[in-house]
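You will see two complexes here that share subunit A, one where it goes with subunit B and one where it goes with subunit C.
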Partner chain A sequence: MTLAAALRDRDVAQLPSRRDEDWRWTDLRALIRELPAPSPAAAAPAQAGPFGALGDAEILVVNGRVIGDESLLRLAPGHTRTVRLRFVSATAGTAHGASLSISLGAGARLTLLESYEGLAAGYLADANLAITLAEDAVLERIILAQDDEDAVSVSTATVDLAPRARLAQTTLTTGAKRQRLETRVTHPGHDAAVRMDGAYRVRGRGHADLTSAVNHAGTDGTTEQLIKGVVDDQARAVFQGRITVSPGADRTDARMGHHALVLSDRAEVDAKPELLIFADDVACAHGNTVGALDEDALFYARQRGMPEDVARAMLTEAFIGEVIDRIEHEAVRERLRSWAQDGRIA
Partner chain B sequence: MPAVKQTVEHVEALERYQHGFITSIDQEFAPKGLSADIVRFISAKKEEPEWMLAWRLEAYERWLAMEEPDWAKVTFPRIDYQDSYYYAAPKTKEGPKSLDEVDPELLATYAKLGIPLREQEVLAGVQGAPRYAVDAVFDSVSVVTTFKKELAEVGVIFCSFSEAVREHPELVKKYLGSVVPASDNYFACLNSAVFSDGSFVYVPPGVRCPMELSTYFRINAAESGQFERTLIIADKGAYVSYLEGCTAPMRDENQLHAAVVELVALEDAEIKYSTVQNWYPGDPETGKGGIYNFVTKRADCRGDRSKVAWTQVETGSAITWKYPSCVLRGNDSVGEFYSIAITNGRQQADTGTKMIHLGEGTRSRIISKGISAGRSSNTYRGLVSAHPKAKGARNFTQCDSLLIGKESAAHTVPYIEARNGQSVFEHEATTTRLSDDQLFYVMQRGLSQEEAVQLLVNGFVKDVLQTLPMEFAVEAQKLVAISLEGSVG
Partner chain C sequence: MLSINNLHARVAEAEILKGLTLDLPAGEVHAIMGPNGAGKSTLSYVLTGRQGYEVTEGTATLDGEDLLALEPHERAARGLFLSFQYPLEIPGVPAMTFIRTAINAQRKARGEPEVSAPEFLKRAREVAGQLKIDFDMLKRPLNVGFSGGEKKRMEIFQMAMLSPRLLILDETDSGLDIDALKIVADGVNALRSPDRAMLVITHYQRLLDYIRPDKVHVLAAGRIAASGGPELAHELEREGYDKYARAA
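Up next is the complex of A and B:
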């Protein structure tokens, strides 16, 4: 049951619904009664994406069609590159999907600046990425989702790591009518490392779903995950994180944290941080907190002469900022700094 | 590491199941299998009024239309519901009036299990020792209930469920199925159709029940299931502490235990419900036999400021599948869940709780310690949810898991649903270690690591033991010690 299969076969019955355990909070079946018409081909947008001119190259995927040199996403051993990968939805009320594969040879380093840009209203978009990393390869993947508020958007990435490879991922999203950003990692252990962070700022009637699954198959692997988010108005955020430690994957160190601020009485946060452990010599932990802004911190700030709205904005920014601080690419980190304030890029 | 070694020994000791004997006693059975006629047979045996039979039959009809759920992390061969006896009772002379008329074989069984059925035996103990009343359920019937007279003097009703249906139909009608509706889930529905005995407790307004109440469940008959039903009502301002224990003989076939427990707490009332579950877990090597413990337990904190605390120490059963829950309906009501679940051999446990916050200012606390040894699997599954109206709701959840053995498995599957901006939910889960954050916090204040660990361990033990009546605390303390010793290493 996937959106990709539903689009391929033009069959709404294949849409995931709340009856699928992994989609219990992001029901597409109940939302989509009829699949929209397929999206037409569209020209590349004139304006630059949210990452501007950062990096060495740009690949555009407009309405599901690749414009540009896809081979830039296949790095030969030892090569280093920074690529902007822009998924653009340019036609209102239509549906499209795209599948790309990314591969890094041994010791290659890729900084992937991935953006989801909604330039029209109410589209239905699906993206699938199959990513493989050879030994010692490093992928820093920074995802910025700026979908339209009436859009339905799903992005699914599967990442296959070799020993000693490293994945560092940061996802930032402001949601959509229904949006899911999912990453599934096959983790071989053997000093491979995963950092999988994310942040959401959802308002209005928005919906953002960050789902991840990391399967530790070998010994000595690490995974760390920090997800933070703010929901306001009638928005809904979903976090589902699953860490599986397979039999024999000893000395796995996995940590997961999800922390959410709920700023309105009609907003909702649903979380399911899961640990499935089949090996005994492991250190695994997860923490999950959901609550309002700390009244004591607010009081402290106001006591020092800060107006309440300024204090609230500052505390919220600091809360989200922790995720942005962990981005390794300096220029990207600085560019995304303003996102922590209001979910926009200055 | 000696601590770990000791823990392993403790857990291995649990393998030697000491309650696995069979009592040979004349029993009468309902015909094998399940049908509307069997439901009528059980109802007739219990001399139930027409309304009770109608309720059972309706549940049976609904059950036929339901499908067995499969979402838990447990695997077992398909249950043949027609291959079991739904009613088994020791043959007795016409209604024994006193203990002297009860079959001596039965009395010997309870003596062997260490359950005091003679009031004077309890009284003859150390002066000032706490007393507790017992309802002894043997297969499908209640054998005896002690201290009924003394309890009646303060207005507390404590009797078998069958007796309650006959003697207090107005209370049973009012509350039965009001917390766990007949069609709530597959196993609760089955129970509603064929339930045999269980306990009924009513504590009138403002009364603090003068002693601990307890029920001891014993499955003895082969190829039978036990389907007891327990209903406890604490009226306004009342307090009651209730405990249950359970054992079964060692047999090669699996036996089903599908109970339903309903608790109702009205304004300012408090109920403590403690379980030490020690059903036969099956053969540790082959996994043969053992009890399937598929139980629905739920409390309704109906009144403002009411409180329910569940404590469970789960060591037995081939499969445990249960989630003692609290529906926090009254404003400022409180729900607590303390659990120690130990699995060994080839046992499987999928257990946890649900805290449903509906009222303003409701609070809940979940402490779960799971230990998984041998080739067993131990899952914590829990739900914490806050309704939009549950402003100021608070939850704290801590789940710690300890694994012993390469082939054991421990899972944590919490669900958190926050639907308003004025609630605070905190959840923390660790596997194999004490929380680094807590250690750091205490050590920051000048304590050595060892002292810090000790402090945290003591604090934790206190929390759980405070919720357990003294009679069970000793047994539970051993189990708590096991779970904590390992988690420090």
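Up next is the complex of A and C:
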């Protein structure tokens, strides 16, 4: 049951629904009675994406169709590149999907600046990425989702790592009517490393779902994950993080943290952090907190002279900023800093 | 400068301040001493406007203006500063950013221009030097992982940077070793001036050897039970608070 299959066969019965445990908080079947018409081909947008002109090359995927040289996403051994990959939804009320593959040869380094840009209202969009990293390859993947508030949008990536490869990922999203950003990693251990961070700032009636699964199959692998989020109004955020340490994957080091601020009584956060450990001699930890802004810290800042709104904004920005601080690419990190303030790029 | 008259306040359902009256003229330093539970911290929170502290009767004015009608940040902009007994940790906000945001918020409230970055840095270096604060510490998130003494020193640093007119020091000596106490006291004494007033809240007489008060008040059971000169602090150190607690 996937959105891709439903779009391919034009069959709503194949949409993921709450019957699937992994989709119980992001039910598409109950939301979509009828699939919208397929999106038409559309021209490349005139405006730059949220990453501006950062990087060496740009690949556009407009209404599910690739415009640009897809082969730039296949790096030969030892090559280094920074690519903007922009998924653009340009036609209101229509549906589209896209599948791309990304491969990094041994020792290659790719910085992928991946954006989801809603330039129309109420579309249904699906994206699938199949990513493979050879030995010693490094992928820093920075995902910025700016979907339309009436859109339904799903992005799913599968990542296959070779020994000593490294994935460093940061996802930032403001949600959509219903939105899911999912990453599934096959982790071979053997000094391969994963950092998989994310942040959400959802308001109105928005919905954001960050789901991830990392499967440690070999010894001596590391995974660290920090997800932080803020929900306001009647928004809803979902975090599902699963780290599996398979039998024999000894000396795995896996750490997961999810921390959410709930700013309104009617907002909701559903979190399901899971560590499934079937090996010995592992170091695994997870922490999950959901709460309001610290009233004591708020009073402290106000006593120093900050009006309440200034103090709240400062503390909220600092809370989210911890995720942005961990982005390795300096220019990208600085560009995304303003996102921590208000979910926008200045 | 600060004038408190017949102040009654409660926290939750319990009445903590029961008719407190106190006058603190500009240029003076007054100490408030008292046993645990007498209402010392409640007084500091009522004056700064913390939520949950409800004034049921009486007045508190700053230069004739009703302090209790103002929001906490408005009181700060008029020059009121509280050095917290337990300074808060602010993760993710470098000390410098926090203090600069506070200074600019106060300036904005007073209709003054923002402090320029070079001007702010210069002043921060000066004050940090006086208080023997490592400048790098100011780049770290405020108070996060700081020792008790470092947190108290950061309070005095903020106080010097914000340059308030009415200073309340709530148990500033707690958690300080003797060297840190001297540094903190020197920092406070450097701020003494004819147009500033200070309220030094303390349980022990020790701090008052370093910050010499003009007057000492004994706070017991929610009101001022006795007032006198510095010698009163020594008497309390010898004899304890028993007779005031019993009288109340």
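Convention: the second predicted complex is superposed on the first by the 346 of 346 C-alpha atoms of A that agree within 3 Å, B and C clash if a C-alpha of one lies under 4 Å from a C-alpha of the other, contacts with A are read in each partner's own complex, and residues count from 1 in each chain.
The rule is simple: a residue touches a chain if its C-beta (ideal position, glycine included) is under 8 Å from a C-beta of that chain, and two chains touch if they have at least 3 such contacts.
Because the structure is predicted, anything quoted here is derived from the model rather than measured.
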| item | value |
| --- | --- |
| Touching partner for A:Pro40 - first (subunit B), second (subunit C), both, neither | neither |
| First, second, both or neither for A:Pro77, with subunit B first and subunit C second | neither |
| Partner chain in contact with A:Glu295 - subunit B first, subunit C second, else both or neither | second |
| Which superposed partner A:Ala318 touches (first subunit B, second subunit C, both, neither) | second |
| Which of subunit B and subunit C A:Arg266 touches, first, second, both or neither | first |
| First, second, both or neither for A:Gln303, with subunit B first and subunit C second | second |
| Touching partner for A:Gly204 - first (subunit B), second (subunit C), both, neither | neither |
| Which superposed partner A:Val282 touches (first subunit B, second subunit C, both, neither) | first |
| Partner touching more residues of subunit A, whether subunit B or subunit C | B |
| Subunit C-contacting residues of subunit A that also contact subunit B | none |
| Contact footprint of subunit A on subunit B as seen in their complex | 71, 388, 391, 401, 403-433, 435-436 |
| Subunit C to subunit A touching residues, read off their complex | 48-51, 71-73, 75-77, 81-82, 84, 87-93, 98-99, 101-103, 105-106, 109, 141, 158, 162 |
| Complex contact set, residues of subunit A against subunit B | 21, 247-248, 260, 262-292 |
| Parts of subunit A lying in touch with subunit C, wherever the complex brings them together | 294-297, 299-308, 310-311, 314-315, 317-319, 321-322 |
